[in-house]
Amino acid sequence: MTSIGTGYDLSASTYSPDGRIFQVEYANKAVENSGTAIGLRVKDGIVLAVEKLVHSKLLVPGANRRISTVDRHVGLTTAGLLADGRHITGQARKEAQVFRQWHRTPATLKIIADRLGAYIQMYTLYSSVRPFGVSTIVGGVDKTGPGLYVVEPSGVYYGYHGAAIGKGRQLAKNELEKLNLTELSTREAVFEAARIIYLVHDDAKEKEFELEMSWIGDETNGLHVPVPKDLHDEAEQRAKDALENFE
Amino acid sequence: MDHFPTNWGRPNYNTFDAHATYPLHVHPQPSSSADGVQHTQQPIVTGTSVLALKYKDGIMLAADNLASYGSLARFKGVQRLQAVGDYTIIGASGDMADFQYLQYILDNLIISEEINPQDGHKLGPSEVHEYLSQLLYARRSRMNPLWNSVLVGGFRDGQRFLAYVDLLGTTYKASTLATGYGAYIAQPLLRKAVEGKEDTLTEDEARKIMEDCLRVLFYRDARSINQYQIATISAAGASISGSLKLETSWGFAEGIRGYGGQTQ
Amino acid sequence: MPDMSVLAGPQQHQFNPYAENGGTILAIAGADFTVVAGDTRQSEGYSIQTRYAPKVFRLTDRAVLAVNGFAADGNMFVKKVKQRLEWYRHAHAKDMPLRAIARLIQTMLYAQRFFPYYVYNILGGIEEDGSGAVYSFDPVGSYEREACRAAGAAQSLVQPFLDNQIYFKNQTAAPGQSHPTHLPLSDVLSIVIDSFTSATERHIEVGDGLEIYIVLAKGRSLQGVEGLRGLREMSSREDGERVFVLQRELKKD
């Protein structure tokens, strides 16, 4: 990397002469090394799915979840440094709670994404702090319908029909683009999500992984909950079958 | 510039605690007004009685839809029954602003204890009641009470739960409960109709008892109204009815001297 | 013209953080046992709030605490005493001795000297020397060890009866004989039940149910409790002090 040794990458409060903030770009590198996480915004809801890399067989299966619930109607998952992700989850919950305190009504997805963006951006301004090494997918269903956003380490955020972050994001995005997301039901989206996670997993390079999925939609009564076990297992089986046919 | 992100957005204490001698969580709060703090001395917009009873399948609660401003019937479509989590319904009389604050507190409690952790641990009625009593007792001990009497009804693991808590933190359980004016007028009727029959009363019979009590209250309590809601909590879960109208009859008034059309 | 100036200007209502919830408690110490009892009615004014709200609580296998006065304070106080006893257990791997619990209760009550727990406490149980003991407290922690004590709504009815029956006040022993220093358990239980039935007759705040805790010294025979209807054991082991509870109905009017 050309930037190394120039001294412009030592602090988030210093620009390089061509207007870049290297610390933020390094934070993006941390995200790229992480297990893939995807989000699908469909007709009546959203589905989140994560390729949770399991670094030890000694870990309890199903423990250390990477998808968390921020409010009744909002789910969140991060890719990058897991500890940073936990902090962002905590901050998102706080934002949802504070919004409820002020307005006595649940926050919309757009507001949560906006507040998270503002918070994450603050950590790109000072030499005393390090930008967050995570990209965040927030998804949910609010009064305006389904919403899906990705907040990047720079603090910038965009709304998406389909989102992918982490290692396998490029391949996952290709797959997401092939889907007719606005016509899919959440149930159908669960199968697609599982298939994509299995597809982008590189078992030549990577160790074991667990598929983790959550959804919000008409079937869940507007609540963000893990995908029920029977549906999860069915989707996982179909994903494995699809992979064999693919190869 | 303060380079500690945890301090961002917080008031700073440099003026009187320059050396940060206090641990973060006990930073003294600067008093907002020179005259000290105002506390609730009396309820303003109030709800009247709440009734509750045990029946065969669970717990039934009832309350009317009125929030009074003194003797003025100020808000006539107020819901005073509220589900808390999956197994509990509460009903509140007293200050309605304080009740709305309680609802907000309990909503946050459910989010932080059930929704966020997603660990399958749920709050049952006894936990909700304990939480409420600790909260109300703590507030009375600070001489800043939440001016309510609250009935907590619930059903979990085949067990019925019915208890009371008020602004003093006083608590008790019984198979029939009534707050406010209802403690004088409805409670004797409820006890007569329910005590000893908790395990045989059907939902329909219980509903009839409730309606009769609400009717007597509407006739006698000047702070009541003839619109009410009934809630049940049983193995089938919690359900709160829509707003219902009380059937009343005033024909007897014709026969009362000085009330009807008598000439002398 | 009466002075109306007091009525001018806003009237100040002060929030009253206390209530009085009626009921009565009593405890009697024997040579190698203690009995602690309380009725189960909870009331405010002329209203019965509930017919079953316990006022007597098992603290350890050798200590029982009865609380009477403002129920919310009482429940909170018992909760905090139990918490302190649990911490003691975790620190020392044994139950706190009775006289230590008594001093603990004094300290906890006096800590609230300027916003007192509005509660009269009676602590009963077995001392380390195996004797039955009763400690009674005022709301701010003054306490002494006694042979018997009544407190609460019907204290003024029950205590004179106890003075006569337990301390033999105004009774003259037969010539050449003296009064016994301790009564047998069966006599004490009869006195307790009579005290409460009488208090129920004459005091509107007493009634509904009676809960009697019986603490027996280590190794004492079950004489006096054997065969009692509806006796329930509350102790965690049979080879130490033992706690039993006995429930009786009282009139509900």
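The letters A, B and C name the chains in turn, as written, and every chain counts its residues from 1.
In this text, a contact is a pair of C-beta atoms (placed from the backbone, for glycine too) under 8 Å apart; a residue touches a chain by one contact, two chains touch by 3 or more.
Listed by chain with UniProt protein names: A = 20S proteasome subunit; B = Proteasome endopeptidase complex beta subunit; C = N-terminal nucleophile aminohydrolase.
Source: prediction; values computed, not measured.
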item	value
Most distant chain from chain C by Cα centroid	A
Chain closest to the assembly centre - both centres taken as Cα means	B
Centre-of-Cα separation between chain C and chain B, whole angstrom	33
Chain centre separation (chain A (20S proteasome subunit), chain B; CA means) in Å	40
Whole-Å separation of chain centres (CA-atom averages), chain A (20S proteasome subunit) against chain C	61
Residues of chain B defined as touching chain A (20S proteasome subunit) within the complex	1, 3-5, 8, 104, 107-108, 111-112, 115-116, 118
Chain C-touching residues of chain B, taken from the complex the two chains share	39-42, 133, 137, 140-141, 143, 145, 164, 168-174, 183-184, 187
Parts of chain C lying in touch with chain B, wherever the complex brings them together	13-15, 17-19, 21, 42, 44, 47, 49-53, 70-72, 75-76, 115
In the complex with chain B, residue positions of chain A (20S proteasome subunit) that touch it	65, 68-72, 93, 97, 100-101, 104, 122-123, 126-129, 223, 225-226
